[in-house]
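Common to both upcoming complexes is subunit A, partnered first by subunit B, then by subunit C.
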Partner chain A sequence: MDRTQNPIVNILLRFGFLVVFAGFFILFAAWNPVFLQGGNLLNIVEGASVLMILALGMTLIVATGGIDLSVGIALDFGAAFAVVAMKSYGLDWFGAACAGLIGGSLVGIFNAILVVGLRISPFLATLSTFFIGSSVQRIFTNGGGPISHRRMPEEFRNLALGDIFGVPTEAVIAFVLVVIYFLILERSIWGRRIHAMGMQRSASIVAGIRVNRILILCFVGASVTCAVAGLIAAANIRMFTPLSGFSYLLDAIAAVFIGAALHPRGRPNVPGTVAGVLFLGMVANGLNLMGLNFNTKDALQGIILLSALALAVAQQRARNR
Partner chain B sequence: MQADPTRKRGVTDLVGSLPLIIFACVLIYISFNAPNFLTLRNLELILMQSLPVVLVCAGLGAVVMAGGDDVVSGGIDLSIPATAVLSAGITAVMLSQGWPLAICAGVALLACLSVGLLNAALVTRIGMTPLLTTLAMFVAVVGVNNVITSSRRIDVDHPWIVALRAQEIAGVPLGIIAVALVVAAIYFALHRTRWGLNLQAAGGSRDAAEISGLPVSRLFGQSFVLASGTGYICGFFVLARGSGSSPGVQDNLMLEMVLATFLGAAFSTRRVVTMWGAVLGAVLVAAISIGFKSIGVNVFWTGLIKGSLIVIVVALSALAQRGR
Partner chain C sequence: MSDLSAFSLQGITKEFPGVRALEDASLKVRPGEVHGLVGENGAGKSTVIKVLAGIYRPEAGNITIGTQTLSPATPESVHAAGVRFIHQELHLVPHFTITESVFLGQERVGRFGLDTAGMRADAEAFLRDMLGVTLPGNRLIRDLGTAERKLVQIARALIDGAAKVVVFDEPTAPLASDEVDTVMRAIRRLKEQGIAILYVSHYLSEITDICDRVTVFRQGKTVGVFDDITDASGSDLVYAMVGRDIADMFPKKGTRQTGTGFAIDGLSDGKTFEGISISVGKGEILGIAGLIGSGREELIDTIYGLTKAGSGSFTFEGQPLQIKSAAQAVRAGIVLVPRDRRHDGLVLPMTVAENTTLATLERNATFGLENRRAVSNSTEAQIKALDIRPPNPNAVTRLLSGGNQQKVVLARWMAKSARVFIFDEPTVGVDVGAKAEIYQLIEDLAAGGACVIVSSSDPVELQGVCDRIAVMMRGAIIAELPTEGLSVDTLVAATTGAVDARELADAS
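Our next item is the complex of A and B:
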């Protein structure tokens, strides 16, 4: 299969994803001038914060060579523990946030037990965590009713609604996490070990990397990260809505794999994930501004997601040829 | 380990058959508490209930056989449940607009096969991983189906669809006979024809199959088309079971399909996904769901029970694998 004969096809394949990104940007901007206004661009970043944080956790797990279908559960647990800590135990915002993070870490610990202890493949292990976690939420809330907490401390609400020097707090939190993840995953010895493990599990064992310890840390780290997203989600609507994390799962997976496809060697990486999340956020925002019917918007979003993934992968193949 | 080899073998076999034993115990427990559980009428009910899942499991089984059973990099098709609701949605909408069933079924077939072909093209031509492709396809197809049906429930009372649920031939429901025929046909195609054996060889060891000259990617692609075919047929059973098309069916179908297929792997001697394992898994999952309902277990607990079942079965089969 020689594709080098046609230079236009070649260029499209090489820079396809960027072209599509720019194309959509121009389309949305032309359709509705509101899209380009500073306030709306900030909206996109703010709206994508929760997804960004989840996608970071997912990046970490995919980099180890697995996949995490239970990121949504960790988000739900983070939100639930924080809201219950404030409502039933009267903790202040800091105590509640800690409770939320501990709640989220339970999900990671459970995953780690299944994957490292029982040697179940990450896909099936996190799928069962998903089943069990969803069911626990249903039992706890008597069928899935939300737990609302109207008199939430102001400081906790500010996690989602406040701003730091004019930038929404949730965007600041997401940005800080992006930097931390970038430093750990792309610039530290730990990150090298994680990537080595994800690429060649047996070779990294031979090389003396403590694979199991890293896996446990990664699962717990990812779930705590997702719990941060849960805190923001709970602060945003002043309640815990059971099973709400599931809706982010597919977007998080898609963002990570779009990002991986942009990488020269096809590895999941933090800058790529950020690009993937911003692309998905931009498409959701732009389609909203087009004023489409809810079903049509949903279908278009699905089709765009599929095409973007296909394009990103095709582009990666073309580059490696 | 200085253990006596024969004894070790026995322990491994015991661990290996534990999933079946656990299932048997659960079913016996249920039948003690719900006296009607082991009646012929109830078994028929369980089979009827499991028909859509059996069909999609047969499709998924074929894809896993052709692509290898590594969940992340091997063969998997999560879009089959979406294909099923697409088939149901198109048929329901067109029937309600007064088209004859044959034309509705024809249009639905074209739509479903194009989903399968698209899956095949994305996986074998572009080189996307099946897990990612079919998960994204699931979302896209469900989205398209929601546009077609406007996310509304659409009642269907076409006599042929109703017949799938209510008609009996010699005392056996028509639906059961039809699904049994379809599954038998797929089994025959996969296990008794040259094409099927080539397909299994491709999944068993990709490299070896390629070296011996098999068209591996084409076989893999064909398995996706076969899977979309089972999704298409499943659509009619979804219509029959729910007396119409309703939004949201796909989620439960997906969860039960994955659960049943990989549960089924624990029943095979080599711990691989097989056609019979998948079908048996689907029936057992339905039996357990109905069984727990009939002894009055809270519905909220079913997810917990299903999740724990996956953990137990998969962990045990990993243990048995290690013992070998």
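Our next item is the complex of A and C:
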């Protein structure tokens, strides 16, 4: 009942995360004018595309009440299948892209078998998938050497390096996926079912929702999405680098939970995830431009993340009071 | 009578923005008595408890504890004056032992660190002497029954020996009926120690059983203080609570259309029940009676596809039905209002609108995208039709009262226009006023031609609502009794096996 009277505290509580976001934006801009240049801002968005796509897949799984530790594996499989399809089987860019998506879907199918068929908790199931998938890549590449494909078709390369009306293709792909995910998860009846089962499985079953079917579709959908990120990653460097997806895992989880903390009811949600990804991208880029010691960067990033999350949670409490 | 009181609240008025929760309410409890506090949801019971606890500061009124007037009352001063609260929720750590739980936050330190042996002895002694149960102090909370956990919670509040007044807020809500006795015995023992007890409960049978005096609240006012409570006081209390008679709680059974409806043939789950065959006609309300362990709950779960049936078949209007999952049941037009609505009935973190439309999502969508206006319109219509309070489609269901939560579950299925409605314990944890409304809704469903099954452990409810009652015992249906002319006593006797129900069925 007793609202804090201090107007500054009130503003902070109401727009907490936005204020932090803006604060860092101004700080980085003031520190190094390069930060504000159009090229750099585009850099942030472009650099965040792969993470954005992965985080979308993660958002979907977290919304079902689980977590997916194997998003990186799906990314790797997407890249590997596409590169091998072009290099060894001579498929054109479209065939290769399809091969990549199919490769990624294998990861989701395997997850779905473990979670729905064997009733293993998503955390443990996807952890196993992560271990197995990592090992498969090492065996396949004789210990983790990259598979490069210098004469990659131009169209495939353009997935990462091209642009559509001046906007980098990968950013466009990420944007389209964001819109699709937003419509599905936040505006469609399937999204409502996904959120319902994520929050209370038993009640959703009683309400006649086919939770197993939804779970299977979500796991497969998420892994196919991650495979898209794999296609972009492969196109970017014209090669498949085994185990490269792992580096995105923790950031993707962080982005999803930043997003959930921003939601008034604490739900994982697409706009929140987008904000989380952009925030992480901005902080990484800004700290880079500050020219900080490489070793202190992670710690700073962690501290920034913590304070932003603490604010977001305080904000949520204030709203629910 | 002496004017002595353990505590008294006088002329309490408490306002919240837009509502006057308490208006000149008073409550006076004498030393050494068990004093009941009853009223419908929203009558001001929990507000008055929070005023006593010093959590809410009233706009007007006096709070006196013993001889001392507290102004203002704060949680600390109330605690210091010897008032203890036993909340509805247990708040116990499952992996702690009994001793650790009792002394949590008030650990005793001996010369060599924690005085574990002393604390254990005291905890065991307290449970034995004050509450009448013998429990080893090193047992883990998670291995205890709900009633025993409740006693541990009580011990934790009272172990310092300074308690003069203990407030019990719905102490028996999560308990099975045989566990209730354990808690009741403990409360009687506390009373014998001269501790004044305020007992807040929805269960009137418990109130008349244990209380010496009862205060009734209605709409934030004290509407009656009953000095002389006997087992027969129940209907007087209801009258005071809702302002009408207990017989009026049940709707008049109207004439209804008839016709073959839903039938179950030879259903077994291979464990708890076997060879169950029942049928419900259109426009009929079939009750299912049975004690815990009779297989009643398992039967409901199996009919609804929540657990696998071993054998048996379902038909509707003579046509065979496949029910292997809840989703299939819902598509076949069979819906369940589950006994555990907070767990199975509602997605608690979701809003009223999200919950009421969860089973009819397609209707309010084009190409899978939700039409938010249609959702909010249909929810508002349902809220109006069922008088759900607060009338806000965006209210989170977790915060609604039991009765209103149940109405939200019902609203979802009404929107679905199902053919078979199964109610499992439809009014558990629901206040008297909402109970009457739910009974009326059940009757309306039957009048509209639906097949209705009501499974309940409350014989009064079954007798009042149903047309026919199937009595289950040890996994079989031992009799089907028409309710016309059936007394509640006979029904209880049949359910408990005190009389042979088969003879009853033949006689009627």
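Here is the rule we use: the second predicted complex is superposed on the first by the 305 of 321 C-alpha atoms of A that agree within 3 Å, B and C clash if a C-alpha of one lies under 4 Å from a C-alpha of the other, contacts with A are read in each partner's own complex, and residues count from 1 in each chain.
Everything that follows uses one rule, which is that contacts are C-beta pairs under 8 Å (C-beta built on N, C-alpha and C of every residue); 3 or more make two chains touch, one makes a residue touch a chain.
Remember, predicted model here, so these are calculated numbers, not experimental data.
Engineer: Is this a clash or a fit when subunit B and subunit C both end up on subunit A?
Structural biologist: clash
Engineer: Let me test your reading of the model: by the given contact rule, A:Leu183 touches which partner, first (subunit B), second (subunit C), both or neither?
Structural biologist: A:Leu183 sits against subunit C, while subunit B stays out of touch.
Engineer: Where does A:Arg265 make contact in the superposed view: on subunit B (first), on subunit C (second), on both, or on neither?
Structural biologist: second
Engineer: Does subunit B (first) or subunit C (second) touch A:Ile109, or do both, or does neither?
Structural biologist: Touch partners of A:Ile109: none, neither subunit B nor subunit C.
Engineer: Touching A:Leu127 in the superposition: subunit B (first), subunit C (second), both, neither?
Structural biologist: First partner only.
Engineer: By the touch definition at the top of the document, which applies to A:Ile209: first (subunit B), second (subunit C), both, or neither?
Structural biologist: second
Engineer: Look at the residues of subunit A and decide whether subunit B or subunit C touches more of them.
Structural biologist: B
Engineer: Quick check on the superposed pair: does A:Arg192 touch subunit B, subunit C, both, or neither? Answer first, second, both or neither.
Structural biologist: It touches subunit C, and subunit B stays clear.
Engineer: Where on subunit A do the contacts with subunit B and the contacts with subunit C coincide?
Structural biologist: none
Engineer: If you look only at subunit B, which of its residues touch subunit A in the complex?
Structural biologist: 70-72, 122, 126-128, 131-133, 135-137, 139-144, 146-147, 150-151, 255, 258, 262, 298, 300-308, 310-311, 314-315, 318, 322
Engineer: Under the definition above, what is the set of subunit A residues touching subunit C in their complex?
Structural biologist: 183, 187-190, 192-193, 195-196, 199-200, 202-210, 265-267
Engineer: Subunit A touches which residues of subunit C in the complex?
Structural biologist: Of all residues in subunit C, those touching subunit A are 304, 306, 325-327, 329-331, 335-336, 338, 343-350, 354, 357-359, 361-362, 364-365, 368-370, 396, 412.
Engineer: Can you name the residues of subunit A that touch subunit B in the complex?
Structural biologist: It comes out as residues 66-67, 114, 118-125, 127-136, 138-139, 142-143, 250, 253-254, 257, 295-296, 298-303, 305-306, 309-310, 313-314, 317.
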